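As structure tokens, the structure follows; a few thoughts come after it.
Labels run A, B and C following the written order; every chain starts at residue 1.
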Amino acid sequence: MLKRMSNPPHSGGCPVADPLLRVDKLVRRFGGVVATDHVSLDVANGELHAIIGPNGAGKTTLISQLTGHLAPNSGSVWLAGRDITNLPAYRRSALGLARSFQITSLLKDFTAADNVALAAQAHSGHSFRFLADARREAPLRRAARAALERVGLAVRAEVLVSKLSHGEQRELELAVALATKPRLLLLDEPMAGLGATESARMVKLLSELRHEVTIVLVEHDMEAVFALADRISVLVYGRVIASGVPSDIRRNEEVKRAYLGDQHVATLHG
Amino acid sequence: MKRPPNVQNLVAALVVAGLLLLPIYSLLTGNVFALTLFTRIVILALAACSLNLIMGYGGMMSFGHAAYLGIGGYAVGILAHEGIGSGFAQFPAALAASAIYALVIGALSLRTRGVYFIMITLAFAQMAYYVASGLARYGGDDGLTIYKRSDFAGLINLSNRVQFYYLCLACLLGTVVLIWRIVNSRFGLVVQGLRSNEQRMQAIGFPAKRYKLVCFVIAGTMCGLAGALLANNTDFVSPAMMYWTRSGDLMVMVILGGMGSLFGPVIGAVVYLVLEELLSQVTEYWALIMGPLLLLIVLFGRGGIMGLLASRS
Amino acid sequence: MLLVVEQILNGLQFGLLLFLLAAGLTLVFGIMDLVNLAHGSLYMMGAYFAATFVAWTGSFVLGALLALGATLMLGIVLEYTALRHLYGRDHLDHVLATFGLILFFNEAVRLIWGPAGLALPLPSWLSVPVQIFPGIYYPAYRLAIIVVALAVALLLYLGVMRTRVGMLIRAGASNREMIGALGINIKLLYTLVFGLGAALAGLAGLMQAPILTVQIGMGENILILAFVVIVIGGIGSIRGAFLAAIFVGLIDTLGRAFLPDLLRQVLSSAAASTAAPALSSMLIYLLMAIVLVVRPEGLFPAVRR
């Protein structure tokens, strides 16, 4: 089951001593398409590591394999020295891995507070309690309130998710992930579909969070990525073509070629 | 979930009041038939409530729920046949047998989802039907007569129609209260969350299958109780109790009343069975009307009766 | 030895009949995403039509052909009037609506043909035993069923794999929107596919009619077996349905034939007589349970879309 072993020898990319997350030669195929092509990368404890790449590069597929929603064909994933490759999603959550989804994935019939409280509940003992009203559990409600305040949604706590705006739902995704008190936060395009003000708010929030939790950020918004990231990995057609500090990535010829024709190339030349 | 609006509460209260007062009406008018009819309605309402727990709240569409009616019923019938007439033995046996069956079938069926889950629960229920048909010792296809109702050592006399009715009603109301507590508990929120978005629940750390299985077992056990009561009501058990069309009937009651609402299944059971009774007095071929009626309900009646009432308030 | 061969052939024949039923179900489910519980009713109608038309025309073959056509028409009418409104809806809605249809059909049959079943006698030329191996005889009719069912299976395979219409069907199964976008009349395609499914069910019903009694509710019993076949065979796979159907047919027939004797060797006679029928009926479901434990997606699932 869970193996406490030293990390496998690193191959390619930017090796880090004692990483929080190590991905080793991950491969995932869908029929004839190789969505994840021997991806290896390290995420150091406390860093904000961004993953960028053109559309169709396989970013969400990669995230899904890291969180346990999709099984890789080969390769391994290590969290703090533990091999989690075959662990189901809920076990990884217990180990401190949290995720926000690219396509908003919340409990639509519940309120914002309920969503966050459930996340807190998952990490607060077992849930085989059948008689007591869970909505009256003060610690859970307090934890939910705290997470909602963090993302600025406290005033909308009792609103049904289906009635929240898109931007508020993205913020709620973040709050839900935070409520599980993670060590590693995997954020899949948290700014997708956000307007300018909302994006700025999200960037500010992430810059505060980075000091408390290790973050892997998948994003298209280049301004945000270059403002926030400690290191960047670039994914193209399922392969990591470059990995390093932002200034190196900016100068990398292969990366520029990959983005040629894309509207973001202007930002890269900056 | 949000607090139910007042119209729904009012209707629920009226129905409960009506059910409580029914024996008095029956005694006053001498209409014994109404009492026996409503005893059956109350028992099936209990079964429908248990199905609502897994279907309405849990999102698990089981088409094999009538199996528990049979299992609970046969537990009583077989024990009675073998000379064990005490209700204190029969009823726990009915509950235990239902729980074990639910555990095994649930563990297998929950490996699938969607329409396959529906098919598999249906298949397993039909298996139970065939097994019961093959039990020659206990009547096989013809069924098993129960000559003496469950004996509760003087605490309550099941042969007395009024006492039996109130026992069934107490079981129904107790079940409704229990379900109310369950759905608002930690466990209930998890189950409802799993219905809403299972992937999200797994991501925040809930092992889905475990919770769904426990919910499945709870519902099966509750329905086993209904089965034990049903056996006493008809003084007879037969494989027909578990035939898959009975599972369909239960599903219809739940959906008609309003899936996922607390009192919906009770209302659904009352309306469905009263309608069936009225129609069958009008014409022998009532199913000819019932069939297309179901079709229309599905096509146009979203949220059942409770849903209709909710949109009014 | 004779008995074993006969039972194997019986199992094959039953399996092929199950395949016809399961193929129709899988087609409709795979292409229109429609769960049709009333599929068993179409099977029943095939049998009832056959019994009626054979009695009217006096000819078995003619009656059978008319019954097939009638069931096809019935399927098309059903799709056109009622079922097409269910496309795109929740599967639960399908289950309920088609459940209502079952009630309606059973009652309608009771109204038209009465509650007692019908009998469909075989013409003499089909009742003779045929020598298939030296010394081994098998009823001509059952042999005919095997031949016809295999021919239909082959036609189905060729039709789906080799023709343009078949290509549309397979493409429609994997991408409905695209088919519509190609300008192909998808409504017509769906109606035809449903008609095909209905015809398959009706064929199974009319072929089975002389062997079993034609009665109300005959469709439901066998429908569940068809479900079991689909679960064992695998999601969306006609090849899987074929293999699973043969498998299920053989296990069920051989089990019912030989399990009682096997049990009598191991248990006391009384225990064996009690347990045998129950256990025989359970065999298929036990098989399904094993498959579910070992391979929940079925033994031969089609390639994932």
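Simple rule for what comes next: contacts are C-beta pairs under 8 Å (C-beta built on N, C-alpha and C of every residue); 3 or more make two chains touch, one makes a residue touch a chain.
These numbers were taken from a predicted model, which means no experiment stands behind them.
Geometrically, the chain at the heart of the complex, using CA-atom means, is B. On a Cα centroid basis, the chain most remote from subunit C in this structure is A. We define each chain's centre as the mean of its Cα atoms; on that basis subunit B and subunit C are separated by 31 Å. Taking the mean of the C-alpha atoms as each chain's centre, subunit A and subunit C sit 49 Å apart. For the pair subunit A and subunit B, the distance between C-alpha centroids works out to 44 Å. For subunit B in complex with subunit A, the residues that touch the partner chain are 1-2, 181-182, 184-190, 192-193, 196-197, 199-208, 211, 214. On subunit B, the positions that touch subunit C within their shared complex are 61, 63, 108-109, 111-112, 114-116, 118-120, 122-124, 126-127, 130-131, 133-137, 244-245, 248, 251-252, 255, 285-288, 290-295, 297-299. Subunit A contributes residues 67-69, 88-90, 93-94, 98-99, 101, 105-110, 114, 118-119, 121-123, 127-135, 137, 160, 176, 179-180 to its touches with subunit B in the complex. Those residues of subunit C that touch subunit B in the shared complex are 29, 35, 82, 85-86, 91-93, 95-97, 99-108, 110-111, 220-221, 224, 227-228, 230-231, 235, 273-274, 276-282, 285, 288-289, 292-293, 296.
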